[in-house]
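First, the structure itself, so that you have it in front of you.
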C-alpha cells in the first residue's frame, strides 16, 4: 500500500489506452499523471512492454526529477514531463506517442493547418510544430530542454496550454496534455486523426485553404464556449 | 415503456453501427430515425460515448427542435436533421460522421467525381460538396442553416434526395440519408469507400477521367432501375 | 441432398473468405466454382449479406446462364463467369471483388506494372487493365460482353489465362481465377497487395523502373518453373 | 526428442510473430535462428501456411546449406540466411518479410532517409537499399548471391551489421537481423513503421531534411550508448 496507489492506477490505465487506441507500437510512448497537492507525478517506467506493465511498476517522480517511489527507471522523457508540470499549473496529465501521422508532420517540420471543423472542435489554432533544437541544447540536458522549448514556444507565439493542448516536436513527435489523463490520451488520438485528415486533404487539393475564422469560432465555442451546447 | 421505444431502439442500433463500421472515433457522429406518423425523430444524445449508450438515452425531438421525450440533450447537429426531415418527405433516417476520407474531400472542398462502377452502383452523380457557408449564417442559427444549405444546394443543382443520398459539407464532413436507418448508415460506409477509392485513383492517374455516361446508367439501373437484376 | 452439395460447399467457403481477407465491404464480390464434368458452376446469390449466407443459398448455373438448381437469383456478374468458364478450360474458379487498391488502378485505367519480386512470384506480366467498353456493348448484354472483353484482351495480347490469372476491368474492378477456389481467392488477395505496393512505389519514386527480365524469370521459375524449389 | 528442440521452438515462435505483427500475408516471410555452438540454424519450411506450422516442421540446416534435421524443404531463401550467419558472427537471428511499405521502398530502389528520432532510436544510418543484382548473379546461385550482395554492400559502405541491423534488397524486400530472434523480428516491425513514416513525411514536405547529426547521436546513445538511459 502506498499513498500514491490511486495515482499509479490512473497512470497505468492511461498508458494501457495507447496500444488499445493503436497510437503506439512496442514501448514507443508514455503517459504521466500529476498530483498537484503532493507536487509529484506518476509516469510509465522506461522500455517496459505494455503486456507486462502493472500498476505497481509505475514510478513516482517529483518536479526536480527525483524518484519518490518505485524500483524501475522512469521514462527517458521524464524531464520533459516535469518541466511542463512545473511551468503550467493548468495541466494534469501529459501523453507522448510516436503515432504515425503525427510523427510524419513532425518530421516534415510543419504545423498542421486547421482545415476543418473536426480540428476546430478541439483547438482554434494550427497544431504547432517547434523549430529543430539547437545543437548545444541537444548535447546538454536534452529532455529538460525539450520541455523548455515547448514552454518558450507557447510564450513566444502567445498560445495558451489550456486552449492548445498539443504540440509537435520537430523531427520527433507529439506531446499532448489535458485537465485529466483521459483528456491527455484523447488529445493524442484526436491529433493523430487530424494529422491523417490534413495529410489527405492536401493530397486531394494542394490549394486547400485554412478554415475561415467564423467557422473556427463557431465550432470551438459550441464545444468549449460559455454557451457550449455540445455534450451533457 | 413509451410509444417511442421501437423508434429509439432502431436509432440506438443504427448509432452502434458507426464504431463497428469504423466510421467514427469517440463520439464524432450521430444517426437519427424519423417517425413520419408522429412527426418526430429519434436522435443520439450529444457527446455520450458509444460504450455507455443505451436505447433509453435516445432523445425524441420534433421538427421544430423541441424535445418530446428524453432527459439528455440531443446531438448538437439536431437542427440540421430536423430541417432535412421537414424538407424531404422521402427520407427516413439521417447519418452524420467525421469519417477520415469523406472529411478529407470536404476539407478539400471538392465534389467526389464518379470514377467507377462502385460509385455508379449507388448514385449517378458526383458526391456533391457544398460551398463554404456565409459568415452571417455561421454566426446565426448555424445547424439550422446547414440543413437549409443542403436543401438549397439540391434544389439549385436539380438533385433528388432519393437518388443522391449523400452530401459533403465544405470543411466539415458528410451527411447521408436513406429510406431506412440501415440504408442511411450503409450510405456513410459506401461514401467513405468511394472517397478512399477516388483519392487513390487520382494519385495513380492525375488525368483519370469521369465514368462514361453509358456505364453510369448501366450500373445504376442494374441495381435501381425498373428492370433491376441485382439482389433478390 | 443434391449432387451439387460438395460444389456448393466449396463455393460457400470461398465466398466466406472475402470478408475475412478484408477484400470486400457488404456484398461487393462473388466467387464461383466450376464442375467440369457436369458443365455447371456454383455461384453466390446476388446481394445476400455474407453474415446470412449458407451453403444451400448457392446457385448452380450452366454455361448458357440457365439456373440448374437454387431458389435465389445468382450474382449479377454470372454471365461474365459463364463466358470465362466456357472459353478457358484450364480454370476452375473465378473471384470478383471491389477491393480498394485494385479498383483504384481500374479507375485509373492503368496496368499495374511489375515492379518487384512479390509480383514476379505470381505472374511475369503486368496486371493487365482492359480498355473502357464500347457504348453499344454496355447497353447490350453487358456482363456477357465483359467476359468476351476479357477473353479477347488475352488473345490480342497473347496472354495465357493459366499464367496471368488476373485482370482489371477499366472503371470497374478486378477478376481473378485459378485452378482451385483457394487459388482464385488467393489471387484476389495477392492482387490487392500488389496494387497497394505499386501505388506506394510510384509515390516514393515516380521514376521507378519495371523489374528487369532476369529477375522476373528467376522468381517466377523458383515458384512455378520445372525446377521450382518454393513450397513442399 | 532432438537436441535442436529448443532452437526449433524459438524459430517457430519468431515465425509466428510475423502474421501477428501484420508483417506478412500468406507465407511471404521467414525467420531463422542460429546455434553458434553447433554451427547450424533453424529456419521455416518453404511455403507452409502459418496456421498449419508446428515447431516440429522447422528445418535444421548448416552453413553449407545441408539439411541436418527435418523432413520438409527449408525456405527458398535459406542460402541467403546461411551466407549472412557465416559472414557475420555477431548476429543470432534473421528475419525476411514482404511487408508493404518496406517493399515499396525496395521497389523504388531508394534508401530510407533518417528523418526523425524514431529512426535514430534504432539506427544512425539511412536504411540502405542495395543496387539491382547483376544478371549473371541472378541466373546463377541467386539466393547465395543475395547474401553475398548484402555482406559486400556493408563492407563497401563501411557499415556494421551490429549497428545497422536491416537492409532493403532492390526490387525485392527487407532483411533484418539481431542478437536474438525477438530483436530480428522487432527490427522488421520497426523498419515497416520507419518506411511508413518516411513515405508520409516526403508527401507532406517534399523538401523534408535529413535529421541533424547531433540529434542522431543523442537518440541513438540514449538507447545504445555507454550511458544509455532508455529501458531497464
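The first chain written gets the first letter, and so on, giving A, B, C and D; residue counts start at 1 in each chain.
Note that contacts are C-beta pairs under 8 Å (C-beta built on N, C-alpha and C of every residue); 3 or more make two chains touch, one makes a residue touch a chain.
Which protein is which chain? UniProt says A, B, C, D = L-ribulose-5-phosphate 4-epimerase.
Here the structure is a predicted model, which means the values were calculated and not measured.
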Exercise. Fewest touch steps from chain B to chain D?
Worked result: 2
For this session: List the interface residue numbers of chain B and of chain C, divide the shared ones by all numbers used, and answer same when the ratio is over half, different when under half.
Result: different
Exercise. Once chain C is fitted to chain D on CA atoms, what angle does the rotation have, in steps of 5 degrees?
Worked result: 90
For this session: Mind checking the centre-to-centre distance between chain A and chain B? Centres are C-alpha means, answer in whole Å.
Result: 33
Problem set entry | Separation of chain A from chain C, taking each centre as the mean of its C-alpha atoms, in whole Å | 47
Problem set entry | Touching two or more other chains - residues of chain D | 203
For this session: Can you identify all of the chain pairs that touch?
Result: A-B, A-D, B-C, C-D
Seminar exercise, completed: Listed in rising order, the residues of chain C that touch chain D in the complex are 115-118, 186, 189-190, 193, 196-198, 200-201, 203-205, 208-209, 211-212, 214-215, 218, 222, 229-232
Exercise. Tell me, which parts of chain A touch chain D in their complex?
Worked result: 25-26, 28, 45-48, 72-73, 76, 98, 100-101, 103-110, 132-133, 135, 138-139, 142, 171-173, 199, 202-203
